[in-house]
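Have a look at these structures, which come just after this line.
In what comes next, subunit A is part of two complexes: it sits with subunit B in the first one and with subunit C in the second one.
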Partner chain A sequence: MTTDIKAPDQAPTAEQPPSRTTARAPKRRSWTGLWFVLPFTAVYAVFLLWPMVLGLYYSFTDKSLTGRPVSWIGLANWAEAFADEKAWDSLWNTAWFTILSTPPLVILGLVFALLAHRARKMGWFLRLSFFAPFVIPVSVVTMIWVWMYQPDGGLINHYLAEWGLGGDRLWIFQEDAMGSVVITTVWWTMGFNFLLYLAALQTIPPEVYEAADIDGANWLQKLWSITLPLLRRTTVLVIVLQMIASLRIFDQYYLMAGGGMNLSPENVFIQYMYNSGFVGFRVGYASALSYILFVFILLIAFVQLRLLSRKED
Partner chain B sequence: MTTVQERPPASESKPRTIARKRGRITAGGALVYFAAFFLALLWLVPFLWALSTSFKAETEASLGQPIHWLPQDWSLEGYRVLFERGDHVTWMLNSTVVSTIVTVLTLALCVLAAYGFSRLDFPGKKVVYGVIVAGIMIPPQALIIPLFDVVSDLKMVDTYWGLALPQVVAPVMIFILKRFFDAIPRDYEEAATLDGANHLRILWSVILPLSGPILAAVGIFTFIGSWNNFLWPLLVGNDPSIMTLPVGLGVVAGGYGLLYAQNMAAAVLGALPLLIVFMLFQKQIVKGVAGVGLSR
Partner chain C sequence: MMNNPSPPGVLPRRTLLAGSAALAGLGLAGCGAASEAFGGKTTVKQWNLLAGSDGAVMTAMHEEFTAETGIDLQATTFAWGTPFYTKLVMGASGGNAADVATAHLSRLESLSPWTLMEPYGLDEIAEFGLKPEDFPADVWEKCFSHDELYALPLDTHALINFYNRTVCEQAGVLNPDRTLLETHGVEEYFDLLRAVKEVTGEYGTSLDTNAGWRQFWAWYRQQDGEWIFHEDGYELDDDKALAAIDVMYRMADEGLCPRIADGAQCAANFENGSGGLVQVGNWEVTRFRAFNEAQGLDFSATEMPDFFGNRRTQGDSHSFVLPRHNTWSAESRAATIQYAAWMIKHSLEWGAGGGHTPAYLPVTQSQEYQELEPNAEYSGVVDNVQFDPAVWFSGSAARLANEVSLVLAGVYGGRTTPEQALEDIKGRTQTLVELPNPID
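So, the complex of A and B:
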């Protein structure tokens, strides 16, 4: 931090010498580098570091969107957040979504990548159809899926009824629609994991299978004892990235609840935070909630990296 | 003739792997192709159904009608209404402007900074780089509340800059680019240095020409990410004239209600720009995911 503050005073002196001193010896210490780094660092400081500091400060105040004077209220927001049942409910729902969505997202990503790796002649078509949903805006995704989920004659319930799976319950849209959000999310974002696995598969040299081929191993044995162990690093990465992404769920949940799906409107944590801040105007309280989410995500990422990378050794 | 006759024995004498590479069709191989094709088709169903619905007349598209995969009466009504109202075009333009600003600025600022961190030494470098890389861990959604406050203090609510600037902060791109620059051998620069070129010159004419693929990947990913960003534009671009496509579709088009043909026409048009980007840059995107993912 001290160097940050020192930098601007020293900067003017850097203006004359750089071209001469640094051009000859790129590694010699000078202030030139600072000019390269400064534009990004400035934007970073204003739109990331400062909001972080500000958020922490607000979490100790009763700051409100209505703009009335701010007063320091110590740990009151934090105490309230930890005792807030709705906040815990929404956190649990976020965790539940993560638990439901991570396994299919990881496993399907792997299975589809294994298929696409073998079926190389269809590679272009498979990459298009598995990954294309990932580049589509979330509102388009939810528009299409809400339309397909419609209870009376929507595409999915139509076929479920036709195959005798739906009957009058029309389960895919009723009661707890979390399953529908999970299915939509799997369709939308599986492609990213698919590509990570596919790229990893392509780095495996074919020679590693030669010994197994000579021994007459079948594809399942090769998959189990060669391919999967070689993919372990990728799997660690995919699981960690996936869980972090799932814990941040907001967009599709918000839009599907707004699209008439049977979802409790405050059911995921970011939405609860958003509502506290922008609907309830309680910026201070919402800031405390933000920090709880932030710490929660960091903890999970840290624990996972620890657990999973230990297994690797 | 001779070559044709010579080949089969040669391949037979080699191990089985070679034979498989030649594309011998086995039952297992056919099954893989069939399964892959079936799953890919299943994955396309939502797109196909949206496309089909968008070309139906409203009466045929409404609920309770029998399911027709091909419209019985092809109709462009949904699209016509959409273009008549015009807001879809506005949102598309807004998204283009915002995503372009974000992409150009991200590339410019991140390339400069990554070069600084990779090739130059200055006091406090390690601390600054450490603070920036630590930022990779911060989930952007956790910051939106104080960030909104900062942006509204800067009077940037409902402006392109308010939408774009906070998205330029992409510490992971610095990390990726620095790693890439670090791997470029210094020998290339030495000649330029001896010729008296300064660092901007070296960056521009030595480093950048060697960085084509990584720049493409960073640029495309930034563009897609920004185009699809939802939460931030929802907050800060509330005025219908400044809404981006995802927000407009989510907030306004959600209110079209039961007009499904029109709804799906909006969805198809909303999906189209990035599908085109994806098809044009498929190779770079696939490589980019690998690079971005595996470098973390």
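So, the complex of A and C:
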């Protein structure tokens, strides 16, 4: 046995055209591969890595959008950011949006996926209905919802009043903005989580359910003991992706409640960055803020992944 | 002007389709350079913020300009306010913005003209027939920064007082010649609003409660209130500010105006007769005319009511600025200035269609202009218009106006008392003052 194993091992190294196949082949492969990823790498480097480096540099300067000379100011921007109450308020608003929006987005995504998966006849229709909002551009979504949210004459208040449920809420205007944006966001982006869950449901082998049927399990037991445990991996993914997406809230909030439009007194964090950098011209300060958010998201994603994947084991 | 200008009154499906087609066409706009190279036609790229109903007037003028001069004009309209100015500053900072852009004169300083804009030469504009003495001196003065001419003024515009003649007649608040009764003081005007409210059953006047800054500044300035800014602080007359805010509070509290109405809603309230009057920018005239043609609306307009002894009103001036270019051919620059000069000289159309008062004196002094209706009825507005305070975060749609409007929306809404609002405004202003000035 031992000789058998040794012989082929030694052969190439000793006498054969030394390691032509073993050593050179992988090298050639890696060079060819590089050519394939080069276009992406170039774009990634120019539009992501380089701006990140540049942003970090700007955060130590008083770089202004007006193009006046830049000077190095050390940690002044960072010190200002950590002491800036409004920045912390807006970071809290972003966190609050995440807390409010993540559970419904994950749970409803799952519920609707279960529903569409069970449906025998109208499955295609349900899949389309639940996913369709996700493909609508944010500008259109917000425009439609702003119309519906109009306090005076809007669809929602109109029907609330008709059914005797009040109808005098301000919705996106002023203090009510956050909840309204959460509702819109759930309607708009739930379809993505729905799709992930639906795909995962379809990978569960039917034999497992058949076996459970034979054992006399009811649908609740099957859901609790088969479906959910087998979806755990997807749930981890959905929650992590969803929290990262929610922490980056800007578009719909800005379009519905910010931008001098509907005058919500609250800002979300990226909006605060936008105001500092693009409205207030302080690119240096905005860069420092954006790095704070970056680290914040990184930490949360890391902790979350550790917690959730440990549970899985 | 305008927080959030109202969209043109009626949006028929055909307009919507045309709009979508135009949007699709935008994708082809990149071909402009190629058509210039092959067609031998000079192209001028223009950016504007005229998303309100006066945008249509400008588009019509652009077509005439191209027909007359053969210069191809590519105009792009951005969302009014912050989105537009952000785009302008970013484009200019990269040196790749449009050739010419509209800007409010009150915003000129905040655009950091000496780093982001290109100055006009006086001899250069003279070539196209524009002379300094053709413009009102105070407006002309605002076009300069660091002793260079950075803007060419197109108009002045302001909040005026539109009134529905049918409603006001029933309320008995019209003169025999069917113009609105002149009132003096807040109480007299409130009485007039009460009479109108009796008729409409809803409001006396409709206001843009999201743009409280404009009303505040008008009524504060009627009391000779000043708002002066220093390096680390500011001077605001608390009593006068409180008096101005109190007018809003009481008006909304008594139901003489809506508690909440954005730009579009405020104009709609006037059109559908929920309010018999509306204090809104003169540009809404385009929209009201369209409504009159579609469904009938007998209206006219006069100056801002006299609350505190005069008829001062908040306003601004649209102008043309030249964003900084990395490279710019002499030919293209000349065509750009020709465009600005053409628009200014043809601003009769701008005044007639958009309700603005042209800045070009030969136009405003012409017989033709002085006979325009309803412009003639509020012609005094030019002398009463009050520009926003001079500080880098002030001006149309700038942060001061936005922050103050935000607080005042709470006053109209009845959730904030005038005293609380004043405190809040002062706190927010202090925060703005303490920001490092990125302009100088």
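Throughout what follows, the second predicted complex is superposed on the first by the 256 of 313 C-alpha atoms of A that agree within 3 Å, B and C clash if a C-alpha of one lies under 4 Å from a C-alpha of the other, contacts with A are read in each partner's own complex, and residues count from 1 in each chain.
As a convention for this text, a contact is a pair of C-beta atoms (placed from the backbone, for glycine too) under 8 Å apart; a residue touches a chain by one contact, two chains touch by 3 or more.
Fair warning: this is a prediction, and the values are worked out from it, not measured in the lab.
In the superposition on chain A, A:Leu293 contacts subunit B only, with no contact to subunit C. When the two complexes are overlaid on their common chain A, residue A:Ser64 makes contact with subunit C while staying clear of subunit B. In the superposed pair of complexes, A:Lys86 makes contact with subunit C only, with no contact to subunit B.
With both structures placed on the common chain, the touch criterion links A:Ile144 to subunit B but leaves subunit C unconnected.
In the superposition on chain A, contact is made by A:Trp219 with subunit B only, not with subunit C.
Of the two partner chains placed by the overlay, neither subunit B nor subunit C lies in contact with A:Pro229.
Among subunit B and subunit C, the chain that touches a larger number of residues in subunit A is B. After overlaying the two complexes on the shared chain, residue contacts for A:Phe281 are found with subunit C alone; subunit B is out of touch.
When both complexes are overlaid on chain A, the residue A:Gly179 reaches neither subunit B nor subunit C. Contact with both subunit B and subunit C is seen for A:Asp152 once the two complexes are overlaid on the shared chain.
Subunit A residues 150, 152-153, 259, 278 lie at the interface with subunit B in one structure and with subunit C in the other. Of all residues in subunit B, those touching subunit A in their complex are 15-17, 21, 28-29, 32-33, 35-37, 39-41, 43-47, 49-50, 53, 63-65, 67, 108-110, 112-113, 115-117, 119-125, 127-128, 131-132, 135, 137-139, 141-151, 165-166, 168-169, 171, 174, 186, 189, 193, 196-199, 224, 227-228, 230-231, 235, 245-247, 249-250, 253-254, 260, 263-264, 266-267, 270-271, 274-275, 277-279, 282, 285-287, 289-290, 293-294, 296. Contact residues of subunit A toward subunit C in the complex are 62, 64-68, 86, 150-153, 170, 173-175, 259-263, 265, 275, 278-282.
Listing the residues of subunit C that touch subunit A in their complex gives 3-4, 79, 81-83, 85-86, 89-90, 93, 112, 115-116, 210, 258, 260-262, 265, 324, 393, 397, 399, 402, 405-406, 409-410, 413, 415, 431, 435-436, 438-439. Residues of subunit A touching subunit B in their complex: 1, 3-4, 6-7, 10, 18-19, 22-24, 26-37, 39-41, 43-44, 46-52, 54-55, 58, 112, 115-116, 118-119, 121-122, 124-133, 135-140, 142-145, 147-148, 150, 152-155, 158, 187, 192, 195-196, 198-200, 206, 209-210, 213-214, 219, 234, 237, 241, 244, 248, 250-251, 255, 258-259, 270, 273-274, 277-278, 283, 286-287, 290-291, 293-294, 297-298, 301.
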